[in-house]
C-alpha cells in the first residue's frame, strides 16, 4: 500500500518535514511519498493562494493516481478537498478535517493553533463547514508581536491559554508546518496534542486498507479530468 | 457607475441572456457588462468545473477592476466568491448568496430549483455555508427523466411541488441560466420567484452606490494578484 | 417610485435626521417621505413601548398605502415587522433585518452597537429570530457611566472594542438615531459601518423596483385592516 | 392564591371552556378567574389579530394585578408574552411556551396540532423562538377540506398521522379552544396529549407558590404602564 | 399523592436537607419521602460514580413504585434519567432537566453554579442533551482555591460574576446539596435563583396530579425489570 | 499491540462474529481479543439493558487493562462510553461514534440501519450527542412485519430506500450484529457501507499506535475503580 501526500505549497523544507513525520509513523506498514506542489505559493494563507495551488495539485493527483491507494492533502485549510474527493477514485483525506474530527473523540472541546491571526476566521469557517463549531474551544494564533524564533515555546504558550481560558481539552496543531511539535508540547501540557499529518495518515491508511472511499453518487460524483 | 458581471462558464448564449436581464433591470441607473469566462467549461456543475474556471475568472477581474464599481459572479454555486471578496477592493456579490438571503426577507421558507439532481447536495452545502439551512424548505431538481424541451413548465412543476410538499413560500431560481423565467412562473404561482441575476444587481448596485465593500481586515484580507 | 419610512417613535428630530439620510441617499432615483408615529413613545426601548406604537404605525400604513411602493420601518428592533409584512401588499423592510443581513455579506462576523445596555438581550433575541446568531460577533452598548455628549466618540470606542475583543469585521449601527455616524466612524475604523436606514432603503427600493413583495400564502397571509 | 387567565380573544364561549378546565384542575388548591379580552377579535389567527388584542390584554393586566399572584395568557401563539413578562411583577405564563416545554420532558419529539393550515409557519417560528425546533416532530393542521363538525375525530386523525409519519411521541393541543379534548384523544392514542391550559396552570401555580417570577434586570426590565 | 425523591448518593445528611426542602414546599398538598441510595458513593461527581449508583437507584424504584405517584431524581446531573423514564410507569423528573427548563421561562439566559470545576464540561454536555445550550449564559464553579467554609458567600460571588460577565438573568443551583441557599442568594441578587429540588417537585407533582407520564411508545418503551 | 473488544451483550455467537471480523481486518498488524459481557442481557436494546451490562463491562476493563493498548466497545449504542473514556488510561473507542464520524468523511449525508424500530429515537439522541445530526440522512429500521430470515436482503432494501428517499450517500450498519454484511451490501449499492467494528478498529489501532488517548483533565478525569 502506498499513500501519496500532497503538500499544497512549494516549500521543499516543509515537504521534507512532513515526509519525515509520515515515514516515521508509517513504519513498515505502508509506503508514503510526499510532494511539494509545483507553481504553488511558498505558504498557503489566503483563498487566492489556494487557487494558485490548484493546477499543481491536480497535476500531482493525475501523476500519482495509478500507483497510490490514498491521498493526503497536507495543508490544514484543506484546499480543494471537495474537488479531490470528487475526482479521485481512491480516498482523499484533508489533514484539517482528519485532525479536528479525531480531536472530538479524545476530549470535550478542542482548540486549534493557527499560524497567523488573519487565518483565524478562515479556520472558523472551515470548522463550521465540518459541523464542528460546537466542539471547538477556540482558534488561537500568535498576535504577531511575539518573536517566532522558538515556535515550540510560542505554541506551548498559546496552548496553555487555550486550556486555561477557553476550556480546551485537546490541542490540534493547525498547520502542516508544525509537524513534529506534538510530542514535546503534549508532554508538557499533559493533554493530547494532535499532529495533523499523523491524523491524516491514520484515516487514509485505514480507509485504503479496508477498501473504503468517497461515495461517488451525488455530491462527489466525478472523475479525473484528462 | 458600472457593474461587471462575470459568467463563470464559457457559454456565450447564457452570457447574452444574463446581460439582457441585467440591462433591462439596470434601466438608466447604471451601466452593466457581462463576460463569459475564457477557458471555463460550458457549464459549471462540479467542484472540478469550478477550479477550471478560476484562472479565467481572475483574469476578468484584473482586466475590469479599474473601471468597474462592483462585480457580480453569475453562477448560483458562487464559485470562488471568498477569493474574490478577498482580492477585490470593490464589492463582489455572488448571485447564490444574494438570491437566497433576499429570499429570507420575503417569506417563511424558500426552495431552490436546481438544474441537476447531482447538484442538490452541493447546493445544500452552500446553503449551510451561508447559515440559511433553517430557512430552507427544499432544494429540488428535475429527476432527469422529464424532458427539458420546455424549461418553464418543468420548473413550474417543481415549484408547485416545493410549495405543496415542502412548505416553500418563496422560490429561488438556482441557476443563472434560468434568468427570465421568474416573471411567468411567479405569475402562475402567486408567490415571489427570484431571478438570482436581479438579486445580485440589487445588492451590487446598492453596495457600490453607498460606498460599501467587503471588510478587508481579517477573513478577506488580500489584494489583486499581479 | 415613492418609499414611505415609518419612524415608530414620536421624536420629530429623529424623524428629520432619518429623512435627511434617506433623501441624500435616494438622490434622484426615488421619492422618500418619513413620518413620526402619532401616539408612540419618544423612544422605543421596551416591548411595551413597541405595543404603544402599534396603533399609530398601523394608521401611517393605512394613510400611505395608496401612493407608496414600499415601506421601511425605521427602528432597529423592527417593531411589528411580521404584522406589517402580513397586511401590506407592497414590500416592508425592517432596518434591523436589512442591516444585519447585509452585514453578513461584507465580512465574517458583525457587531451591533446598541443604545442601552438593557436592550442587549432583546437585540440578541431579534438576531436569533433572523437566524444570524452564528454570524454575530457581539452586541455592545454603552455601560451608562460614560457621558453621551459626543456620541461619535462613544460608539467609535465601542466599535474598536468589538473589533479587538470580539472579532467584528463589520459594524452595524443598531439604532435609527445613529443615522449619519456611519461615514466618520467607518473612515476611522477602516471597516464597513452600516447605517441601517441606508440598508433599509437599498432593499426597499430594490424590491419595489423589481416587483418583489412578501409571499402572502401562509405565514404572512393577510390584508390591511379597515 | 389566585391566578388570572387572560383569553386574548373575545369569544365568551371559549373563555367559559378555559375557565371550566382551569377550575376542574385547580381543585381546591388555588382560585382561578378567566377573562375574555375586550376589543379583541373573536379568534386570534394573524399577527394583526394579536396587535388588535393588545390594548384589551393590557387593560386586563392592570385591572387584576393587585389581587392575582400569576397570569396565564391562554392563546397558544403566546401573544405579547414578552411584553407581559416585562411589565408584570408577578409571573406570566404563555400556554404555548408551557405546553411545548413540558412536552419535551415526556418524550423524544412532540407534534403540535394547530387550528388552521395558515398558522403552521407562525407556529414554527414560535417554536424556534423557544429553541425547541430540534425536539419538534411536526406541526399539523386540518387541510381545510375535512369538515370540522366533530373536532375530536379530526384531531385524533391528525395525531395518529403525527405518530406514524413524523415520529411524534407526545401531542400538544395547539389552541386554547381545544381544551378538554386531551383526555379522550390521549386514551385512544396511548401517549401523552397535553392540554395547554393545564400546562399553563401547572407552571403559573408552581412559580407563584414558590415566589418565583421573571428576572427583571435586562431583557424583561419594565413596569406596568400607568 | 405521594412523591418519592431518590438522592442518588449515600450521604444521609444531604438526603435530610433535600427532604426538609421538599416537605416545606409540599406543604399539605402532597406527601413526600426522600431516600439515600444504598451502595452509591457519598457524592456523585464522575460518570463512574453514576454507574456505581445504578443498582441502588433501581432498587429504590422497585421498592416504592407501588405507592408513589411520581419520582424525582435529586442529583443535578440527572443520573440514569433516560433509563428511569423508560422503566417507570409513573412520571420521573430529573432536577437538572426541571430546573434548567424552568429557568428558560424566567429570563433571557441562565447560569448554572456547579460544585467542582471538573464537572463543568459534564454539565455542558447535559445542557446540550436538553437542547438548552443557546439559552445558557455559563456554567461556573469554584476554582478550588477559595475556601468552602461558607458556601453561601462562595456561590453568591459566583452568581454575581455570572450576572456581570456572562449575562445571566437567572441562576440555577447546580447541585442538590445546595438546597436551601436559593432564598438568601436570590434576595441579595434581585434575580430568580432556582433550587432544583423545588423545580423537580413543581413538575413531578404537576405531572402526577394531571395524569401525565412519559410516552412509552418508542424512546422510553420499557417496564420495570423484575 | 493488543486491542480488547468488549461486546456489551452476552451473546457468544455475536462475540465470535465480531472477533472474526476484527481478526480478518487486523491481519498481522495487531492482536485482538473479543469478550462477551458476563451478566449482560443477550441483546442491548433499552437504556435499562445498558445499565444491566455495566458491572460486567467494568469487570472486563479491569481484567484486561494491563495487557491491552486500546478498548473497543462493540455495541452501536456506545453504552457507558463516557465512563470508559473517563476511567481508562488507554484509548476507548465506541463503534457508534467511530462509524458515524468516519461516515461524515466519505459523503454528504449518511443513514444508519438500526435493528429495531424502537431504537430509532435512541439512535437519534446518540447522533445528536456526537453533533452529527445535520450530516444524518436518516435512521432506518425494519418495520417488524418483514421477516428477518435473510438479514442481507432486509438491510439492502432499507439502504436502497435511504438512498432514494433520504439522500443517503453512505450507509452505516447500526449494530455490531450486522458485522460482515458490509461487503455484499456495499457492492450491490455502489456506495460505502461501513461495518462499525472495522471503523472502531481503524481508530483504536490508530490512536494506540501513535500514543494518543483521552484527555483526562476535565470531562474525562478519572481512574479505574479498584
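By letter and in written order, the chains are A, B, C, D, E and F; residue numbering begins at 1 in each of them.
The rule we apply is simple: a residue touches a chain if its C-beta (ideal position, glycine included) is under 8 Å from a C-beta of that chain, and two chains touch if they have at least 3 such contacts.
Just so we're clear, the structure is a prediction, and the values are computed from it rather than from any experiment.
Touching chain C and chain D at once are the following chains: B, E. For the pair chain D and chain E, chains touching both partners: C, F. Averaged C-alpha coordinates give centres for chain A and chain E that are 43 Å from one another. Measuring from the averaged C-alpha position of chain E to that of chain F gives a distance of 32 Å. If each chain is reduced to the centroid of its CA atoms, chain C and chain F end up 52 Å from each other.
Shared interface positions of chain E, i.e. residues touching 2 or more other chains, are given as 108, 120-121, 125, 128, 134, 167, 169, 218-219. Contact between chains, using the touch rule, shows up for A-B, A-C, A-E, A-F, B-C, B-D, B-F, C-D, C-E, D-E, D-F, E-F.
Residues of chain E touching chain F in their complex: 46-48, 50-52, 54-55, 58, 80, 82-83, 86-87, 117-118, 120-122, 125, 128-129, 218-219, 221-222, 225. Chain A meets chain C in the complex at residues 120-121, 124-125, 128, 133. Here chain E touches chain D in the complex through residues 25, 29, 91, 93, 97-98, 101-102, 104-108, 130-132, 134-135, 163, 167, 169-170, 190-192, 194, 198, 202-203, 206-207, 209-210, 212-220, going by the rule given at the top. Those residues of chain D whose C-beta lies close enough to touch chain F in the complex are 108-109, 134, 167, 169.
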